[in-house]
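As C-alpha cells, here come the structures.
Consider the two complexes below, in which chain A is the common component and chain B and chain C are the respective partners.
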Partner chain A sequence: MEILVSVLADTVLITLVLAFAAFGLAIIYGLTGVINMGHGAMLTLGAYFTWWLLDQGVPFVPTVLLSALAVGLVGLAFEHLLIRHFYGRPFDTLLLTWAFFLVTTEVIKIVFGTDFRNVADPIGGDPVNLGIYQVPTYKTVVALLALAVVAGTALVFFKTTLGVRVRAMTQNREMAGLLGLNVAAMYKLVFGFGAAMAGLAGGVIAPMFAVQPYMGDMFLVRSFFVVTIGGIGQLLAGTLFGSFAIGGLETVLALFSDQVIAQIAVFFIAVIVLRFRPQGVFSGR
Partner chain B sequence: MTAEIQPARRGVFRREDVAALAVFLLLAAIPLATSGYVVYILPQYMLLGVLAMSLALLWGHGGIVSFGQAAFFAIGAYAMGLVMKHLTGMAINSAYVGILVGTVGGGVTALLIGYFLFSAGVRAAYFVVATLALSIVVEQTVKSFSDITGGWNGLYVDRMTVTLGSWLELSLFDDAPIYYVVLAVVVPVYVIATALMRGRFGKIVVGIRENEDRMTALGFNVPMYKTLVFGLSGLLAGVAGSFYATHAQFAHPVNAGVLFSTQVVIWVAIGGRHSLLGSFVGAIVVASLSNYLSSIEEIQNYWPLVMGLIFIAVIVLFRGGLAGLVEKLAGKGAHGRAAGH
Partner chain C sequence: MTQHVNSRRGSSRRAVLKGMAAAGVATIASPFVVRKLAAADPIRIGVLSPVTGAWTVYGAAHSRGFELAVEEINAAGGVLGRPIEMVLADYQTDQRLVVEHANRLIRQEKVDLLAGTFSSADRNAAGPVVKAADKLLLYPTWYEGQIKDYYPGVCNKNIFMFGPEPTQQVWPFMEYMVKNHGNKFYMIGSDYAWPKVTNLFTKEKLAELGGETVAEVYIPFNTPQYESVLRDIREKKPDIIFHSLTGSDTVNFAQQFHAAGMNKDFTYWTVDDEEVVTSGLGPEVSAGHFVSFDYFMTISHPNNKAFLQRYQAKYGADALMNTVGVGMYNAAHMGALAIAKAGKVETAAIREALKELEFADAPQGPVKMRGLDNQIVVPSYLMKVRAGWTSVNDMFEEVMTVPSVEPKDARCDLPL
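Then we have the complex of A and B:
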C-alpha cells in the first residue's frame, strides 16, 4: 500500500515537473512549427541565470522571474536575428536552433565555467510526513506551479482575444495576415514566450538537479517525446498526457531495473509509439 | 548543385573526379614527405571523413538528416573491439571478422530502424528525434554495461594485422602501414558510394528528396529507397567505426554520443552536404583544425564557439558549404539551385 501510494505520488510529481520542462518546447513547436533543438540550452541558461542571481543575493522568486525574462529576451533576439527568416523551412530552423544550442552551451562554459553548481532548495526543511508518504516540499511546489502555468496559458489561449489571434495564426497564417493580424509580431511573441517558459522551468528545476552546461540535453529529448506523444499543438492535455507517459513509465520501470535501463526502455517505447501514432496519442486529427 | 544529378558524359571525367584524384594523391604522398604525428593521426581523420560521407549521402542526396550517425560508428567500433578481444585461436583473422561484424552491424541496425520508421511514413522531424534518441541509447548502453564494454574507460582494441593465407602477414602497428591500409579502404568506399549515388539508385533518392509525392506517383517504393539509403549510411559509418577502433586502439562512449553525432552534422554542413568529396574533406579539415586549435591554450575555450558561429553562417549564407563555394568559384554556380533541405 505504501509503495503504491508513493509510486503514484512520485509519478504525479515527475509528470508535472516534466510537463513544466517540456512546456516551452510544446509552445514553440506546436504554435510556430519550429523544431526548437535549442530548448535544452534555454533550460540550462535559465538554471545558470538563477544560480548567478541567487549568488548575487537576489531572493528566489524575483530571481526565477528575472531568469525567465532574460531567457525570453535571448529567445526574442535569436528569433529576430535568424529564425524569423526561416519559418516554413523546418529543416533550416532545426539546424539553426541546434546551432543555438551549440553556441549557447559554449558561451555558458566560457562565462560560468564547467564546474557543477548547486542551487540550494529555497524552501528547505524536511519532507512533510503524511504517514504513508513523505511529501517532498519543493518538488510539490514546482508541480503545482507547473499546473498553474499550463492552466494559465490554456486560459489565455482559449478565452482571450490574444488566444484567438494565436490560434488563427496557427490554423491559417496567410488568412490571419490578410485579416489584419500582424503575423510576424505574433510569431515573435510566441517564440519569446516559449523561450521564457523554458527559462522559467530551468530556473525552477535548478534546485533539484546539479547545474552544469549539459543539464538541458536529457530534457531536450524527453521534452520532444512528451510533445510528440501528446500530439503537437495539444498544449494542455497533450503535454500533460505525454509527460505522464514518459515520466510515469520511467518511474515504474525504475522500480524493476536501474535508472539507465529504464530510460533506454522509455526511449524505445516512445519511438514505437511514434511509429504507430505519428500524429500523437492525444491528437484526434 | 544539380551537377551531380545530371548524367555523366561518357569518357569525360568531371571536375569532382579530378578534385577527388588530387585529394587522394595528396593523401597518398603525405607519408612519403613527412612522418610523425601527421602520419599517425591522418588515418583517423580520413575515417571521420567516411563517417561524414555516410551522412552526406543521406542528407545531401536523400534530404534526411540523422543526428545518430555516431551510434553506427560506435556499433562498428565496439564490434571490432569485442570480436578481436574474444575471438581468438581461430583459423581466420579475427580482425576481418570484426570489420565484417562492425560493418554489417551498422548497416543492419540502420536498415531495421529505417524500415521501422520509414514504412510508417514518419516525418523528418520525428526521424531526427528518433536518431537523436538512438545516439543516447547507444551511448548509455556502452556506458552502463561496463563488464563487457569497459564503461567510461572505453574498450582497448588491438592494432590489427593484415594476413593473406600463409604467405602474407603485415603488422599494422607502425604508422605508415596502417595509413596506407586505411587509405586503401577509404578510396574504394568513396568510389563505390559515388558510383552508387550517380547511378539509378542515387537519382531515385535525389528524386525523393526533391518531390516525394511525385516519386510515389511514378511508382517508386519511397519508404524502401529511404530505408536502403539509411542502411547504406549505417554501413559506411560501421566501416569507419571498425577501422577507427583498431587505429585509435580504443572504442569509447564519447564516439557514440549526441555531441559526436552533431559534430558529423557540422563537418558535412561545412564541407558541403551535396558533395561526398566535400564532406570527406570537410571532416578532415575541421577535425584537424579542431585538434590543432584546441591545443593552443589561449583559444581552446573559444574554438567550439567559433565552430558554432561558422555553422550558423553556413546554414544562412553558404548552403552548399565549401564544395558549393568551390563550385561557384569554378563558374558552375549557374547550374546550382538551393535544394531546400
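Then we have the complex of A and C:
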C-alpha cells in the first residue's frame, strides 16, 4: 500500500514537472511547426536569469516571472530576425534553432561562466510527512504550477477568440490569412509565448537541478518525445500523456528493474508507439 | 586559456577572410619566422582540455592548472634554456575529437608531449594515438586504476597518471567511516567504468572490514529524476550512501536527496564532489557530506597556501581549483623536471626520467611518480563539507589526512 501510494505520487509529480519542461516546445513545435532545437537553451537561459536575479537580491517569484519575460523577449527577437522568414521550412528552422542553441550556450558561458551555479530551494525545509508518503514541498508546488500553466493555456486555446485564431492559424495558415487574420503577428505571439514558457520552466526547475550551460540538454530529447508521443499541437492531453509516457512510466518500470533498463524500455516503448501512431496518441489529424 | 585558442584561430581566420594569396602565404610562413626570431626553440606541450561540452565545468581548472605551471617554469628560465609553449586544444568532451586533436597536435603542431584529457573514456581514446606516435600523455584525473583489459588507455608505458585511483582515494578512510558511521553501504554511481571499478574496490575492502553492500545502483548520464532510487534507499536503510555519480547528475541527485529530507537520516560519502560540484550543490544541500580526494582548496598544507596565492593572483579570488587542476599543475612541473633530468626532449629519455621522480612543491604535499606502473603516490584527504560555507575558500574541513598513499599495484604486465 505504502509503495503503491508513493509510486503513484512520484509518478504524478514527475509527469507534471516534465510537462512543464516540455510545454514551451509543445507550443512552438506544436503550433508554429518550428522544430525548436533551441528549446533546451531557452530552459537553460531561464535558469541562468533566475540565478542571476536572485544573486542581485530580487525575491523568487518576481525573479522567475522576469526570467520568463526575458527569455520571451529573446525568443521574440530571434523570431523577428530569423525564424519568421522560414516558417513552413522545417529543415531550415531545425538548423536555425540549432544555431540558436550553440550561440546561446556560448554566450551563457561568456556572461555567466562555466562553473555550476546553485539556485537554493526557495521553500526549503523538510518534506511534509503524511505517514505513507513524504511530500517534497517544492516539487509539489512546481507540479501544481505546471498544471495551472498547461490548463490555463488550454483554456485560452479552446475558449477564447484568441485561441480560435491561433487554431485557425495552425490548421490552415493561408486560409486564416485570407480571412483577415494577421498571421505574422500570431506566429510571433505564439513563438514568444513558447519561449517565455520555456524560460519560466527553466527558472522554476532551477532549484531542483544543476544549473550549468548544458542544463537544457537533459530535457531536449525528452521534450521532443513528449510532444511527438502526445501528438503535435495537442497542448493539454498530448503534453500530459506524453510526459507520463516518457517520465512517469520510468518510475513505474524502475520498480521492476533498474534505472538503466527502465530508461531504455521507456524510449523503446515510445519508438513502438510512434511506429504505429506516427501522428501521436492524441492527434486526430 | 580559451582566449589563447581564440586569438590563434581568430587571427588565422581573419587572415583567410582577406582571401589574398599573400595573406595565406604569410600565415603558412609565420611559424618559421617565429622560430627564427625566438631566442631559443620552445618545448611544445599539447594540452587536451574539455573547454566545451559535457565536462565544460571542469575545463577551466583543468587548463589553468597547466597554464599556471608553464608560466612559473618559464619565469624561472624554462627548461634546458628553452621556454615551454602550451598548445591548447579543446576537444569539446567528444572522444572522436580527442583522437583528432591528439593526432593534429602531434603531426601538425609537432608537440613534444601531450597532457590532459579528463574522463577515462577521453584518456582511453588518446591511448592508441600516443602509443602509435610514441609520445607521452600526462593524465591528471582521479580514475579507476589500471586493468590490462583497457590497454592501451591504461597499462601503457607512455601514459603517466597524476590523479589518485580508488585504493588511494577510498581505502585510507574505510575503517574510519565504518567505525564512526556504520557498515551498511548503498552504492550509487553513473553507468560507466569509473564508478563500477571504484565500487568493486570499495566492496572488497568493505567485506574485509565486515561490512555489507545493501545495493549497487547505476544511473544513465543526464537523468533528471531519482524518485525510485530515493524510495529504494529508504526501504533498504543503509548507513552510508557511497556516491560516485558524475557531472550534473551528482547535483541533480543530491538536490533531490536533500529535498526529500534524507540528509539527516544518512551519511553521505562522495568520491566525486570536489570544489566544482560542491559549488553547484550550494551550502544547504551539501552540508555534512564527506568527500575524499588527494587535494582540496581548503587543506592546510603550506604548499597549498603559496600555490593558491599565485593561482588567485592570476585568475581572481573566486577562481576554482580542484584535484584535476592540481593534477595538471603537477604534470607540467614534473614533465619539466623530467626533461631537465633527461637533458633532452625525447620520449624514451623523458619517460625514464619521470619514473621515481619526486616533486616536493605539489600543492597537496610532496608527491612521487612510481616507476613500476606510472602511478603517482599522493597524500589523501577525507573532508567534511562545512555547514554554511560561503565560498570555495571555506568549503571543506579536514577530517582525516594521510600524508602519502601508495597505490595498489596496477593490474598490468609490470613494470611498464
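Note that the second predicted complex is superposed on the first by the 279 of 285 C-alpha atoms of A that agree within 3 Å, B and C clash if a C-alpha of one lies under 4 Å from a C-alpha of the other, contacts with A are read in each partner's own complex, and residues count from 1 in each chain.
The rule is short, and it goes like this: a contact is a pair of C-beta atoms (placed from the backbone, for glycine too) under 8 Å apart; a residue touches a chain by one contact, two chains touch by 3 or more.
Given the structure is predicted, the values throughout are model-derived calculations rather than measurements.
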{"item": "When chain B and chain C are modelled together on chain A, clash or fit", "value": "clash"}
{"item": "Contacts of A:G152 with chain B and chain C, given as first, second, both or neither", "value": "neither"}
{"item": "First (chain B), second (chain C), both or neither touched by A:D217", "value": "both"}
{"item": "Which superposed partner A:P59 touches (first chain B, second chain C, both, neither)", "value": "neither"}
{"item": "Residues of chain A touched, compared between chain B and chain C (which is higher)", "value": "C"}
{"item": "Contacts of A:K109 with chain B and chain C, given as first, second, both or neither", "value": "both"}
{"item": "Touched partner set for A:D92, first chain B, second chain C, both or neither", "value": "first"}
{"item": "Touched partner set for A:L255, first chain B, second chain C, both or neither", "value": "second"}
{"item": "Contacts of A:F209 with chain B and chain C, given as first, second, both or neither", "value": "second"}
{"item": "Which of chain B and chain C A:I35 touches, first, second, both or neither", "value": "first"}
{"item": "Superposition clash, chain C against chain B - the stretch among 4-12, 328-336 or 364-372 that is involved", "value": "4-12"}
{"item": "Shared chain A surface residues [contacts with chain B and with chain C]", "value": "106, 109, 217, 258, 260, 263"}
{"item": "Of chain B, residues touching chain A in the complex", "value": "63, 65, 116-117, 120-126, 128-130, 132-133, 136-137, 140-141, 143-144, 258, 262, 265-266, 269, 301-302, 304-305, 307-309, 311-312, 315-316, 340-341"}
{"item": "Complex contact set, residues of chain A against chain C", "value": "3, 6-7, 10, 13-14, 17-18, 106, 109, 114-121, 124, 126-127, 134, 136-139, 207-215, 217-219, 222, 247, 250-251, 254-255, 258-260, 262-263"}
{"item": "Residues of chain C touching chain A in the complex", "value": "52-54, 56-57, 59-60, 191, 217-220, 222-225, 227-229, 231, 247-252, 255-256, 258-261, 276-277, 279-282, 284-285, 320"}
{"item": "Touching residues (chain side chain A, partner chain B) in the complex", "value": "35, 82, 85, 89-92, 94-96, 98-99, 102-103, 106-107, 109-110, 217, 220-221, 224-225, 228, 258, 260-261, 263-264, 267-268, 270-271, 274-276, 278"}
